[in-house]
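What follows is subunit A paired twice: with subunit B in the first complex and subunit C in the second.
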Partner chain A sequence: MPAVGRPALMAGSERAGGARRRRRRAWWVPYACLAPAAALLLIFVLYPVLSVFWYSLQSYNPTKPYLNAFVGLGNFQQILTQDPLFRQSLWISVKWVVCEVVLQFCLGMGLALILNSTFRLRGLARAVVFSPWAVSGVAVTAMWTLMYNPFGGMFDTILKSTGLARTPVQWLADTHLVFGAAVTAELWRGVPFFAILLLAALQAIPEELYEAARVDGASRVRAFVRITFPLLRDAIVLATLLRAVWEFNNVDVLYTMTDGGPANLTTTLPLYIANQAIQYHNFGYGSALTVVGFLILLCFAIVYLRLSRFGQEI
Partner chain B sequence: MSRTLDRGLTLHLPLLLYVVFTLLPFYSMLMLAFHAGGQVTATFHYLPIPFSLQHFRTLFDEDSFLPYLRNSIVVAVATVIVDIPIAVLTGYALSRFQFRGKTTFMLALLTTQFVPASMLIIPIFIVFKDLDLLDSLLGLVLINATFELPFAAILMRGFVSAIPFELEEASMVDGCTRFQGVLRVALPLLRPGVVAVAAFGFVGAWNNFLFALFLISDQNLYTVPVGLSYFLGEFNVDYAALAAGGVVAVVPVVCVFALIQRYLVGGLAGAVKG
Partner chain C sequence: MRLLRSLGIALAALLVVGFAATPIAASASSGSGQKVTITFWDTNAGPDRTPIYTALIKRFEKENPGITVNYVGIPEADYEQKIEAAIASGATPDVANPGQGQLADFIGEEGVQSLDGYYKSWSGRSQMDPSSVKSVRAEAPDGKLYGLPYSGNVDILFYRKDWVAQHSLPSPSSSWSAFYKDASALTDPSKNVYGFGLRGGSGSVAQLEGWIYAESGLTSYFNAKGQSTLSNPKAIAVVKKVVAMYGKDTSKGDINQTYQPMVAEFEGGHAAMIQHNLGSYPQDVQAMGSSEVGASILPKSAVTGKQVIVNSGDLVDMIFKASKHKAAAWKFVTFLSSPYADSYWNQEVGQIPTNTVAAKSAWVAKNQPIQTVEKALKDPTTVVVNPPVYLPDYAPIQLQMEPVFQKVLLGQVTVPSFMDQWAGLMTKAQQQYKQSIKHKKA
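After this line comes the complex of A and B, so read on.
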């Protein structure tokens, strides 16, 4: 019996030793694993990000090659001194981001608190409330355009049948209404993001803290201000920052719903850039606008993280 | 009694209102898409009576929507097929190995979440022109795969970390090579994670609009969102066909969403936090 056992044991230890040797020798294995991901990110993210700085110094239009030239900081000079549409689109971007982030956060926070308590059909309620997260911007536009349709859309039908409005309301053509209409449609899609993130953060707070507060006679509002909010701070800062960047760059809904109109009242900076690129092929000028947008976002992110004391002890 | 009232006012009522707000756009679209009338007027109906599938027939026969649907399916499925092995490799390396540059790589992955894809269309267009990838579904697959990858990799890292390394070690002691250990022990356990990552990638690629709009000009290669956007841009919109197109665009993601919604709370939050 031992004679049979020994070779097997030896073989086993030999193999284990071999594995150890292999592991020591194979320092390159993790790098090989990362190589495909790194290659894709280098070609399609890092190189474009870096090259946009180079193109921003050029006059570059693929349809007018005779005008292509190095112009130094000329594009930036034009942006900052002679481009009223840049200033207007930046202002609309700021308005758009503030409205979206504040409203999405407030509604998402409320929903997260509701969905964190126990009640019947909670799973179903969560699934329904989160569902707009999966809908594309173009589909959002399709749905809301149908509802905003001034001749027989859902809002029109309801307003007429209740007698609240006699003439059709031009939700997407009225200069006073278009911004709010677009904000509402995007809000519908954006709230689930906050609800999901904040719900995850809420679930990490131990129930004992609330029990202790209850024993001490604290009200629910007080418990929220003193326990929930401080413990959620990092999650809130990260979620609002991520969302602010995301909404700043969001073009799907605005491009398809209003195309920046009427009278450029919904033209945000990325939409302005997209139009420069798609309609006028001004790649150099569009790149310079992109660089300005990058720098604004970067400054915003740094200031925001500083002011919110992200990651510091409470 | 006051407790019931309290719960009603702070829980049931606001939740009910929000559920109605969430469902209204779906509802109005479905009613329009399945109601017999309404090509030109697009009148809202409370019920789809008389019921009809003629708007879908219009969509596929007259508006040639079928190729768009096929392109979207090809792009979304291929994006997932490209992304899954890369995400598994990346997630495995980040979870199991200690090596130089690991933190930097993690940080780079997280940073990409802040890189605005929509503002990069100009340089990406130029890269695509240089690589001869314009007007090709392959190009669309590669760019979608790239922008879905960081999130997929971060998510996968979490799923790999949840599998005890001792299982792989045991298989290696039993004579497997490391690769065999991963293949036979870790990968089968990773299946729910793979399904979740695949579903996230599918939703992202299916919904992508800007790359498809900007990098594809051949109408035969349009995807569903691009086709839908040209509907919206038309002067005389056939609202009923638009509603039918919206249903086609939304149904696949809603199905996939049902599959992954239980991963949303943990997965999305974990990936954002790192």
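After this line comes the complex of A and C, so read on.
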């Protein structure tokens, strides 16, 4: 055997051995890498979700252990047949989501179109428009509650100085105004979300399409309807779906601004759940309400994505 | 790539070491017996009260060099939820200072340590107000002591003494008819000034209770049959008067009003009178001056002629069952109820000390609202009504009834219907509680 052939043979067998080792290692290394994330998901996502489903079948109140028992679907039966507050809070949630998503989308779209055009100080304008998104819900409440203050708040001062109102307007106490007042505060915070997302999508539309449309004599409106809107469809569907889910689950602004009042007029389903579980200690019933809310959102998401043909070719 | 891998390995190692080190560190501190750290959750933390505890803890640590107190301040609105989560997860602190109303819940959740063993051998127990200790004991179905009281409280009528004098009106604390007359006379909507600042939001029903029993003269929450007295016609008549004031002698915005805006309404000159507990007094005096603030217990009942005072419940210090340093925790709890600490804390907050030595401090004699309470308590005809804070459902029922009370103010629900619903829930809670005790004994 030539001397030079030995190292070559060894090198060849080492390569083969290395490949075998890599293959041997290959089957478990990815699982090991995924294991920590999977464990965290199991502990912090799957377990709480399953425990909510389990508690929804119980009458569970930690302050009254003598009444705790398995009740099967009893909680759901009570929710669907004997709980007028569930129906009321669900209706308020639906109104809240529709008002917020529609208004935020319309205003966000308008702002995105403006910010997509070229003008002086555009960077500053973008920063100003996006800034409310960085404000926390509690801070939004603090700011708007001050503006709504009937004794010297911003709106009170404006209305009085312009002679539009003689007596203080009770924005958060008047049953006809409170919902609109809360919607406005949340609207202020939510519009930038749509503006940011739609602006990003607008910037991805090739300019050549608009040039071609101009050459063909299309007006601005026609270009918007025929080019912009269809190409924004997936972004709009995703943004409205995400926002609808977030707004449905929104608690911070309403909880801190109105606490669901007066007389439950701003009590949405999540607020009602929080009251049942946390304030009244009815964790079993609160869990059942959570399951119902989860199923409603799940059905909504499936139907919405189907109807909007999300991800399909235009 | 190599750098990323190295970082990943380092992070994983750190996590493993971190997890492994936690029990080692915990066992070292608990097993040494030298220096002990206890954790204290203050359930009403804020710029007014946190400095009081900071000063007291400093003194305690000086007197007890082997014990360090880790102070954790929790906003009042969140504490019940946080303690319940801590009990459920077994991650409680050593000591907390809840209200008596919430203590019953924590006892029900089996998270609180009975203090009887410590209390029996404590030299300071002779200084404790026996009625306070009895009241805390009555909260537990087994009659054991689960908290050491450190502060008493009752509802007070705060009013603008200067305005009453300017309008030559009778003192609103002299009678209920004078109160209603003053509320009407001091109302001037054109100036955004109202005779009374009503608490219509969170805490409204708890406050309404004090008013109902004081004005109606009813002396018990339940009758001999165990039925709630809230649906008694005398109680209904009182609530009808309260509701009639809304929007006339009060601002319409009061429907959402919680404690802080209510006090701000009074201190800002938009309300001539408010009802709140003793704790508001120092703040009111600081904001407005003692010559302007009048403070007295609620007037005598015109129906029965009796002075009825609803005990707002003591504040207590409790030790958690899961505490690993119960002896140190007990030392801290007894320090907080000692003559010095009890006097200092209550003087700063304006409430009644539960340590009888502290209650004889010079400042107590100079505190006007406390003096009106003391005077009334010395009157043998005065009746002190203890709310059923032992009921796990007591506080949740109050919360549940708050939106219904708002509906009453808006005219969407009638007063009798509201009171019947409220009384029904209270009666049911009382029956369930009695059954649970029977069940336990059996």
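Please note the rule applied: the second predicted complex is superposed on the first by the 277 of 314 C-alpha atoms of A that agree within 3 Å, B and C clash if a C-alpha of one lies under 4 Å from a C-alpha of the other, contacts with A are read in each partner's own complex, and residues count from 1 in each chain.
Operating definition for what follows: a contact is a pair of C-beta atoms (placed from the backbone, for glycine too) under 8 Å apart; a residue touches a chain by one contact, two chains touch by 3 or more.
Just so it is clear, the structure is predicted and the values come from calculations on it, not from any experiment.
Superimposing the complexes on subunit A yields a three-chain arrangement in which subunit B and subunit C clash.
Once chain A of one complex is fitted onto chain A of the other, the partner contacts of A:I278 extend to both subunit B and subunit C. In the superposition on chain A, A:G260 makes contact with subunit C only, while subunit B stays out of contact range. Once the two structures are overlaid, the count of subunit A residues touched is higher for B than for its counterpart among subunit B and subunit C.
Of the two partner chains, neither subunit B nor subunit C is touched by A:F86.
Applying the stated contact rule after C-alpha superposition, one finds that A:G110 touches subunit B and leaves subunit C untouched.
Contact with subunit C, but none with subunit B, is seen for A:D174 once the two complexes are overlaid on the shared chain. By the touch criterion stated above, A:F119 is placed in contact with subunit B alone, subunit C being left untouched. When both complexes are overlaid on chain A, the residue A:F151 reaches subunit B and subunit C alike. Judged by the touch definition given at the top, the superposed model places A:W96 against neither subunit B nor subunit C. With chain A used to align the two structures, subunit B clashes with subunit C at 256-264, while the other stretches in 256-264, 346-354 or 418-426 stay clear. Subunit A residues in contact with subunit B (one complex) as well as with subunit C (other complex) are 36, 62, 151, 259, 278.
Taken together, the subunit A residues at the contact with subunit C in this complex read 36, 61-67, 150-151, 167-168, 170, 172-175, 258-264, 267, 275, 278-281. Those residues of subunit B that touch subunit A in the shared complex are 7, 10-12, 14-15, 18-19, 21-26, 28-29, 32, 38, 41-44, 85-87, 89-90, 92-94, 97, 99, 102, 105, 108, 112-127, 129, 142-143, 145-147, 149-150, 153, 172-173, 175, 177-178, 203, 206-210, 213-214, 225-226, 228-229, 231-233, 237, 239, 242-243, 245-246, 249-250, 253-254, 256-258, 261, 264-266, 268-270, 272-273.
Residue ranges of subunit C in contact with subunit A, taken from their complex: 12, 81, 84, 87-88, 104-105, 108-110, 189, 192, 200-202, 251-256, 258, 268, 270, 392-393, 396, 399-400, 402-404, 406-407, 409-410, 412, 432, 435-436, 439-440.
By the touch rule above, subunit A contacts subunit B in their complex via residues 12, 15-16, 19, 22-23, 27, 29-31, 33-34, 36-38, 40-41, 43-45, 47-49, 51-52, 55, 62, 107, 110-111, 114-115, 117, 119, 125-147, 149, 151-154, 156-157, 188, 193, 196-197, 199-201, 203, 235, 238-239, 242, 245, 248-252, 255-257, 259, 270, 273-274, 277-278, 283, 286-287, 290, 293-294, 297, 301.
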